[in-house]
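Multiple structures follow.
What follows is chain A paired twice: with chain B in the first complex and chain C in the second.
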Partner chain A sequence: MKPQRIATGLAVAAIAAAPLLLGDFPLALLTYVGLSAIVALGLVLLTGKAGLSSFGQAAFVGIGAYVSAIVSTQAGISPWLTLPLSLAASGVCALLGALVMVRLSGHYLSLATIAFGAAMFFLFGGLDITGGQSGLSGIPALTAFGVSFTQAVPGYVFVWTALLALLWMLDNLLDSRSGRAIRALKEHEAMAEAMGIDTSAAKTWVFVIACVMAGFVGWFYAHFQRFVNPSPFSLNQGIDDVFMAVLGGAELLWGAVAGALIVTLARPLL
Partner chain B sequence: MNAFVAAFLAQDGVSNGAIYCLMALALVLVFAVTRIIFVPQGDFLSYAALSFVSLRAGHVPGTAGLLLFLAALAVAIELGRAARGERGGIGRRVLRIAAAPLVLSGIAMLRPHMNLPVLGDVVLTVALVAAMGPLLYRIVYRPLARANTLVLLIVAMALHLVMLGMGLYFFGPEGVRADPLIDASFLVGGVPIAAQSLVILGSCAALVVALYAVAERSLAGKALRAAAINPVGARLMGISAELAGESAFLVAGLIGGVSGILIASVTTLYYDSGFLLGLKGFVAAILGGLASFPLAGVGAFGLGLLESYASFYASAFKETIVFSLIIPILLWRSLATKRR
Partner chain C sequence: MQGNFEEVVFGVLVILIFQFAADGLLPRLRAALGWSGITRRAILPTDLPRRGLLAVAGLPALRVAGARRAFGGVVANDDVGITVNAGQIVALIGPNGAGKSTFFDLVTGVTRADAGTFELYGRSIAGRGARAIAQMGVARSFQHVRLVGDMSAIENVALGAHPRGRHGVIAGLLRANAAEERALLACAMRQLERVGLAEHAWQPAASLALGQQRLLEIARALAADPLLLLLDEPAAGLRHQEKQALATLIAGLRNDGLAVLLVEHDMDFVMGLADRVVVLEFGRVIAAGTPAAVQADERVQEAYLGAPA
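Entry: the complex of A and B
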């Protein structure tokens, strides 16, 4: 067996063993690590693989969270039914964003996403429907077969299963023909174009995938916390997300997990 | 809205615009010379405001300790380089790094025992913050001189977070507000004009003229411009890129210091308030493509006015409007750059 496979197997075993060994508080903390890791994973795909940068991912988490929070609270429907809405909302916003994004390059792109992150944060805080700065409370919890995912163990299992599934899917994606096209975007855009790859379409897809992943995190977050306000979706969080992706090594998918772990665990110490 | 309200909002917009203009000026200069998108510019502003208020209150400002810490770090790096072989003139090099910070921190620490006029505190604050600029360049950016813009930006983000943390550590979480430099107001055509607005506008104009004069007339200014316009050519002519970078950061610190003092009496500032003001400076700077000083200036005043009228019509959305504005501008700049 390749050493890489053994390392992956050990990591998965450690993740699976954690609920048996750890108490509620560490598990809750690890649930947040998992959520951050999914956002950071999207950024690894964007920054590390496709060479695009986004400081606005926290805003997409916010879109996912607010859409589900508003619809499930006001229409009184199950969070499972609002999941497609959250994913669609973040995906459509990403598509619109991508129209602008594929035309921007280098630091212009970074600055545009910084501005977007700042603008969305103030929008969340300014609208009536999002409850302004005081936010929305009383959001229904996510439940299945009588188990509430707001509890430590089910929450942990849900988030880390999703994370591992996404890691597996992205690994397969990057290994495919479109994956090679995505990896070519970073340093060999001209070559990719010469090979007949529609680089604008590839960039759009990468961005949409990363943002839908962020929207998924937002959806879960809203029903895990059962309360949302603008502060976790601020520009600073967006910057933190980038650090997570860069700190764990922006080239590696598992780096997102390592980065999220380091940043989330180190924050209380600072 | 009647004419009275309009005039009042215009006054507010213009004085905010002047602050954004100063921020934008510093950002354009730093970007032109070093290719760094200098996110922590706003932190200079917070540091200056907080230092000024604590100096006025007769305390030793946190900036004094911070400056000593940075100087010690820079000296340590310089000694490390000497240990690895670059021995030539190490004494002189260390002296050049440490002299100004030592003197300034010394004065700041003796300040509680002195009776300084307001102007003395203004000068001391500006000097303390300005001295930080070149040190930050030496410590953080000199080893990265050849990195690409994106890496420099991410490092700038990290530096901003570090400066934010140091700001919290050295100044605490309390908000501060200074007394106006000139506390007066008078009526012009029935509209009250605060003297502080004129002080802000006047200082901004004076600083712009002074910078223009230095850049056009002095040898150091010409060298800086050369480094900005054509880095390779400038190096061939014997202009040190490092020196140019340090000078740009010195000017950025100077501008941050002045604008911090100016705005401290207009609004309550916290250790983290500078970032948002810096970001608005960016919006203005980007209007000028991060290259044109006059366009950035126009953008800054336009932004100040837009924000001020937006706060009247849709106060909940004023920040959203201001920051959304940047995206069409960037799109236009990006397309315009590519066509060339």
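Entry: the complex of A and C
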């Protein structure tokens, strides 16, 4: 058996064992680690694999969070029904962003995403419908079969199951026809075109996937906290997200998990 | 001040970490453990659908006439005409700056011609982009090798077969593409066997020697099931024995009915291999014919060696 498989198996076993060994507070902390890791995982795909950059992923988390918070609160419907809305909203925004993104690269792309992140932060804090700086409260909790995912163990299980599923899916993707095309984008865009690969489409897919993952995180976050305000969706958080991916190692999918773990746990320790 | 101080310590730690592990912590750990990150897969006897058999020996595969391209006041290609038949190797030679690369870029759609007709088996490829031309069956290698270094050799070759697959991102995410993946890898493995690199299939492309990397580029081009193969200085930087092996390989491709157009500096390599040689100088064709005829041509000798004393 390959050592990497064994390492992955051990990591999954540790993740599965955590609810049995840890108390509520560390589990809640690890839930936030998992949420950050999902955002960072999108950035591993975007930055580490496709060579694109985005400092605006926190804004996409915000889009997912606010859409679900507003609709579920005002229409009084279950968060399960607003999940597709959150994913669609972040996905559509990413598609619009991709129209610009495929034409930009390097520093220009970074600056454009910084501008987007900053603009969205002020939008979240300035609109009436988002509750301005004071935010929105009284957001319904996510529940299933009488279990509320705001509790430590269910919340942890939900987030880390989603994270592991996404790791599996992205691993599949990178080991496929489309994935090889994505991996050629980073350094060899012209070569990829000469191989008959639609690089604009590949970039668009990568960006949409990363942003829909961020939107998913926002959706869960809104119903986990049951309160949203603009601060977790700031440009600073967007920079932290990139930082997690790069620190953990943007070449590897699990680098996102390592980076999120280190950054989230190291901050309170200092 | 307390909060700010934490940020400063954190920042310093970050800088230190990046000093010692520029690619991030986990890749650094993986490198220390000597893991490659490449997963070997079983290769099954399966195949991708091939193009309809257009290649009939002797039929013109590529026909270019009146190709012109100017960059500002410099006319890089002026009224260039070249025909490459199926089962034929045509070499494009000329001194530095003669316009060989420009011509390559025109045929492959990297740059657009100002004028001229470009036909691939009678279908016009003029004005199309690089991707469309590649999908129509024009495959190429690059003068400066362009491989995805951390990807295995076989995966690099599978990139060339990209237009022959259909499954997209969603199928990839859910692994609903298993049959096609098997066929793509089997096709890639067959091309690796053709160029003699099968034993290196699962090595990272960057770990191969330059000569092997050039062969890998040819394998990648062959994976496209091309009608026309364009090779940009395939022998550059190769040792004598490697050149001989390369010549044998290219001659074999000709015998399989492929049309091959190659740009080359190495005269010995070209003269022993090509069926026809076209000589460019200052963007114009100054001679064309068999290697022997071209070699005897006075204008060619002048272009290469300067005017006779």
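Points to keep in mind about this one:
Assume the second predicted complex is superposed on the first by the 269 of 270 C-alpha atoms of A that agree within 3 Å, B and C clash if a C-alpha of one lies under 4 Å from a C-alpha of the other, contacts with A are read in each partner's own complex, and residues count from 1 in each chain.
Here is the rule we go by: a contact is a pair of C-beta atoms (placed from the backbone, for glycine too) under 8 Å apart; a residue touches a chain by one contact, two chains touch by 3 or more.
Quick caveat: nothing in here was measured; it's all calculated off a predicted structure.
Applying the stated contact rule after C-alpha superposition, one finds that A:246 touches each of chain B and chain C. Of the two partner chains, chain C is the only one that A:180 touches; chain B does not reach it. Residue contacts after overlaying the shared chain place A:110 against chain B, while chain C stays out of touching range.
Once the two complexes are overlaid on the shared chain, A:53 sits against chain B while remaining clear of chain C.
Judged by the touch definition given at the top, the superposed model places A:188 against chain C, while chain B stays out of reach. Shared-chain residue A:151: touches no atom of chain B or chain C.
When chain B and chain C are set side by side, the one touching more residues of chain A is C. Taken together, the two complexes place residues 243, 246, 270 of chain A in contact with chain B and also with chain C. By the touch rule above, chain A contacts chain C in their complex via residues 2-4, 169-170, 172-173, 175-181, 183-184, 187-188, 190-198, 205, 209, 243, 245-252, 254-255, 258-259, 262, 266-267, 270. Chain A meets chain B in the complex at residues 53, 55, 100, 103-108, 110-112, 114-116, 118-120, 122-123, 125-127, 132, 239, 242-243, 246, 270. Those residues of chain C whose C-beta lies close enough to touch chain A in the complex are 6, 9-10, 13-14, 17, 21, 23-28, 30, 33, 35, 37, 39, 108, 110, 129-131, 134-135, 140, 142, 146-151, 155, 158-160, 162-163, 165, 167-169, 171-175, 177, 180-181, 184, 220, 224.
Those residues of chain B that touch chain A in the shared complex are 37, 148-150, 153-154, 157-158, 161, 165, 276, 279, 282-283, 286, 316-317, 319-320, 322-324, 326-327, 330-331, 333-335, 337-338.
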